[in-house]
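Below you'll find the structures, each written out as structure tokens.
There are two complexes below, and they share chain A, which is joined by chain B in the first and by chain C in the second.
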Partner chain A sequence: MAAITSSVPLADAPQTRRKFPFLLIALLLPMAIINFIAFVLPVVRLGMISFIESRSGGVLTNNYTLENYVSFFTDSFSFELVANSLTLGFGVTLITLCCAYPIALFLHRVSPKWRNMLFVITVSPLLVSSVVRTYGWMVILGDQGVVNGILMSSGIIDSPLRLTNNTLGVFIGMVEVLIPYMALSLIAGFGRLENVYEEAAASLGANRWTRFRRVILPLTAPGIALGCLLCFVLSISSFITPKLLGGGRVFLLATEIYDQAVIQLEWPTAAAISVIVLIIFGLALAVYSRVVKRFD
Partner chain B sequence: MIGQLTIPFRLLVACIYLFLLAPILIVLPLSFSNDSYITFPPESWGLRWYAAMFSHAGFAQALWISFVIAITVTVLGLAAGVPAAFAIRRRKFIGREFLLNLFTAPLLLPSIVLGLAILLVFVQARLLGTYTGLIIAHLIITTPYVIRIMLTAFSTIPPSVEDAATMLGASPFTVVRRITLPLMMPGFIASAALSFLLSFDEVVISLFITGPRLRTLPVEIFDYVESQTDPMTAAVSVVLVVATLLIIFLIERTLGLSKTIGK
Partner chain C sequence: MKRISTRVLSATLFAATMLSGAYANAADITVMGYRGPFEENYTKAVIQPFMKAHPDIKVTYYGVQNAANSLGNMRAQRDAPQVNAVIYDLSVAKIAKEEGLVADLDTSKLSNYADVSEIGKDLGGAAIPLTYDTLSLIYNAKAFPTAPTSWEALWDKKQDGKVVLPAQGGGDIQAILLTIIANRMAGENDYKKTIDPGVEKLVEVAPRVQTWEPKPDAYTLVANGTATVSIGWNARSQFYFDQTEGRMSSVGPTEGTASQINVISAIEKASEAEATQTFINYAISPEAQAAFAKAMFYAPVNTKAVVDEATAKRIPMMDPVQREKLIPVDWMTIGAMREDILQPWRRKIIPAGR
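Here is the complex of A and B:
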């Protein structure tokens, strides 16, 4: 009996529309709470702390100051950090593009049977932790690693080549970590490339190089732009690979944020550097959107 | 002629693939080394470092902690993300676009900046080195993916199918159970798998907020790699890679199964 009587108001519910959207709020509230605690609040606090006067040992004062930014822009070491990070960002992006472009072109042209398998192989490194992949590079490039082992046992060199704990090692590791991202972006932009265009160019007398430069490259440019943005942004903010393959001798903005925050406990300084990284991100995004506008 | 794959081009691509996979492939032979330090090829072979790994208290404990956190994050992330994606896709309200952008914005923030930002809040809330803190921090990384995947999953379900079921006399509960849930199952499984893998692999943000007593596996490996150079990390890496492959294989099987049931 009770079940029957209680079912009556339930059936009526959709008709009597409530003014206040309880259901909608119930659906969105858990996500909103997580987002507020772990995103909105932290980002606001990061911005605020970057203006707080710094005291040693993680003590936060209530005095607001521009000191953290002033000392960043007047210190020659910070210019070194910015220069190193930008060099890494541009250099790694360019090399990654040169490595990923042939892969994307190959996947575009290979028969569908092979394409699926090779596509999975291309993106599968994304599922392996970057710590593991970086460790793999330490094994390959280390003083007693694979490369030096082969070169020394074959008598080409007497003492091991310095391939880790320097910028070269970081470059090699970063390029490898970023190839899947670049390849994914390129493949997404290769849809417009069709053989007919190339055949048309060839019939008009364009040679291999001209076809690549005047037909293939312009058609795939949007994918290139997206991939470069992604790789630049990821390499500027990368931390694991530079820290492990750089062996503490490669100084970048990202490694400095970690050192200042976790080792020195200079949170305001770390927060100010983070804001500067975000500004570089904003600039990269602005350049990207201007470049993309030119394609349309 | 056009679009043909020449031999030099094939060779070039093969070399790039070798470069791409080299660091993952190299850890497998190295993990069976019996040497005290990294030499390649190893001077002696054996299972010494696998045994060392399982008797190493730090790794065993960290593996368990990472597993518990990843499972919790997967469940909570789906519980929060799926309803939010449903509301954004199926309900019309002011600020939909804004909420969607807000919920997926953490994807755009570099994890080193997000890690520091979360540290600065958690240090005051006394959440550093706690399960609660790690779970909340991981949720902010996994939920943007859950919402993106589920938005796509919901938009592939035509509302007309649900309407048809309602017209044929199905109650709203039956519609959800018999129509909506089975149709969104692939998206659901994909979200769950990605959440688990993202949380299990997360290292940068965890580095900021783990404490000496509560360390996840990637953090433990990171610290070990930074201080020690012996083949134990190779053994741990192989276990991680095999576990990841196993999860993907299981999903492939279940997704394939759910598709055949759907037919």
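Here is the complex of A and C:
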């Protein structure tokens, strides 16, 4: 074996080896520099701030402490924040998946003549800022909004339903904002799905439900995993929609970071929560890579 | 050819020397403060007249969303400040002073300082009082044919679902002041002793609250009828009263109200210290104070400022009766109590309205 290895043309091999890392480094260097400046350095700084001791009122000192993390993990309100964020993350992801999956499946199957146009329509909400869309939902769901207006004028209800300024409003807004992302991810992950497999299953006597459960779902699983990861990360870090549609009633990790930094002026607490959110993202990514490995 | 070149060179050098001399005498300073109507009116009423009177000093206004943003910028620019002075809230100024972000000016060098009222002078030359404002009850004029006179309007059962209480992120200065006011309404005058009665009173109103985080703000929601009653700062309320042609009105309730103090500080390590000091002295002068009071309805801090009667009537701090009933708030200790006052908002008051 050793003799075979040594019989490989030695004149070329070292040259290839020498050139390859150089090219690789040259290609990676610009992105690595940008990432280092725009991501690594700020995250390191964030981590450092999370250990700074602050006096009452938010005055920063030059001392370092673990207190910001200790107070987070010993406060029951923090667990409420984590629970609210995870509920929102999982809930919105699940609803978005249920809404976007049929759309993505339809787009995958529709004739190429219509596919492009329908695809553009599906992702067209992304052309409008999510802030503008969320303001739109405030108008639609408000006490004097379109929905309540129709329900009240038709005599179905006497007083307006509270559709916004609460968790329900945040869910509605978030699902609408995330549907295009989920649909895009699903379509991207539907590469392995082909009609012939369904036809084969049907020819073997599988009914519609069995075909969906045993053929379509497993083949589209990579797309589902990708879409779920993207929506979960986006919803758990979402800030604008909960701020605008939550009415100050929905306390989440992302809104807490803003409030601690900008309202309460407690930068170290805000930094500590940010680090914790980063860890949650890391865990989500780890789960995703394990799930994807299972389907490969 | 050689002679011409020498002449051209001499002339260029002369011009450059003259220009650099003129440039050295001019100062360019930046003042950071609240954006929106405050920026617009402050530029017109104070900065432009100042630049007219001091042609050698150019002042640029840099608008930020709130005092916390100002503090953030000051922290970020600690070693190389890009602004020379900052207009912000007294409670935030205390943090800035303790972190060494602002210069402690020698007030004896500010000729107008002696005429400044004693309210808000707690931080000396590090934060000089600039404007006084008060918390007001704001209401939709259509929803209240008879103008409310008491804070109790917030607890009015008829306003169910139409009450807006701004408590962004679990509350800021307005929430702190409302807690103190509710505490007094519930019979406890000393908020330093306990705020429990005030918290209980606010828990009662929670189910009737439409939103704790009005967007774009409480004034707009009350003006367009989405809400009927809320709280807000008097200066902005008066501004919106004019803007909405009276659809949104405000009142200084009979139980009394509490004040908010804006201060101006020179930034530590910033350049143009002398020009900055000249501007700050002008900002607290009777003419600048009167002009800004007329433009934006902030009570002047300079006791010699002359404000016309029509404007004074719309500023509760200038009404002797209201000033007498002013609820004392020690902004120097509020920082330490902030967490204790605001924690019940997130854990008790706001959840009671879910």
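Quick note on the criterion: the second predicted complex is superposed on the first by the 252 of 296 C-alpha atoms of A that agree within 3 Å, B and C clash if a C-alpha of one lies under 4 Å from a C-alpha of the other, contacts with A are read in each partner's own complex, and residues count from 1 in each chain.
FYI, a contact is a pair of C-beta atoms (placed from the backbone, for glycine too) under 8 Å apart; a residue touches a chain by one contact, two chains touch by 3 or more.
Values in this document were obtained by computation on a predicted structure and should not be read as measured data.
Once the complexes are laid over each other on chain A, chain B and chain C cannot both fit and instead clash. By the touch criterion stated above, A:204 is placed in contact with neither chain B nor chain C.
Applying the stated contact rule after C-alpha superposition, one finds that A:156 touches neither chain B nor chain C. Contact with chain C, but none with chain B, is seen for A:264 once the two complexes are overlaid on the shared chain. Once the two complexes are overlaid on the shared chain, A:166 sits against chain C while remaining clear of chain B. When the two complexes are superposed, the chain touching more residues of chain A, out of chain B and chain C, is B.
In the superposed model, A:251 lies in contact with chain C only, and not with chain B. Touch criterion met: A:144 reaches chain B and chain C at once.
In the superposed model, A:46 lies in contact with chain B only, and not with chain C. Superposed model on chain A: among 62-70, 188-196 or 224-232, the stretch of chain B in collision with chain C is 224-232, the rest showing no clash. Judged by the document's definition of touching, chain A residues 58, 135, 138, 142, 144, 243-244, 258, 261-262, 267 lie at the interface with chain B and also at the interface with chain C. On the side of chain C, the complex with chain A involves touching residues 66, 68-69, 71-72, 75, 91-92, 94-95, 98-99, 161, 167-172, 210-213, 215, 225-226, 334-336, 338-339, 342, 346-347, 350, 353-354. Residues of chain B touching chain A in their complex: 1-5, 9-10, 12-13, 16-17, 19-27, 30, 37-41, 79-81, 83-84, 86-87, 91, 93, 99, 102-103, 105-106, 109-114, 116-121, 123, 136-137, 139-140, 143, 147, 197, 201, 203-204, 207-208, 218, 221-222, 225-226, 229, 233-234, 237, 240-241, 244, 248.
Interface residues of chain A, counted against chain B in their complex, comprise 21, 24, 26-28, 30-32, 34-35, 37-43, 45-46, 49, 58, 99-100, 102-103, 106, 109-110, 118, 121-122, 125, 127-140, 142, 144-146, 149, 173, 176, 179-180, 195, 198-199, 202, 233, 236-237, 239-240, 243-244, 254, 257-258, 261-262, 267, 270-271, 274, 277-278, 281.
Residues 55-60, 77, 135, 138, 142-144, 159-160, 162, 165-166, 243-244, 246-249, 251, 255-256, 258-265, 267 of chain A touch chain C in their complex.
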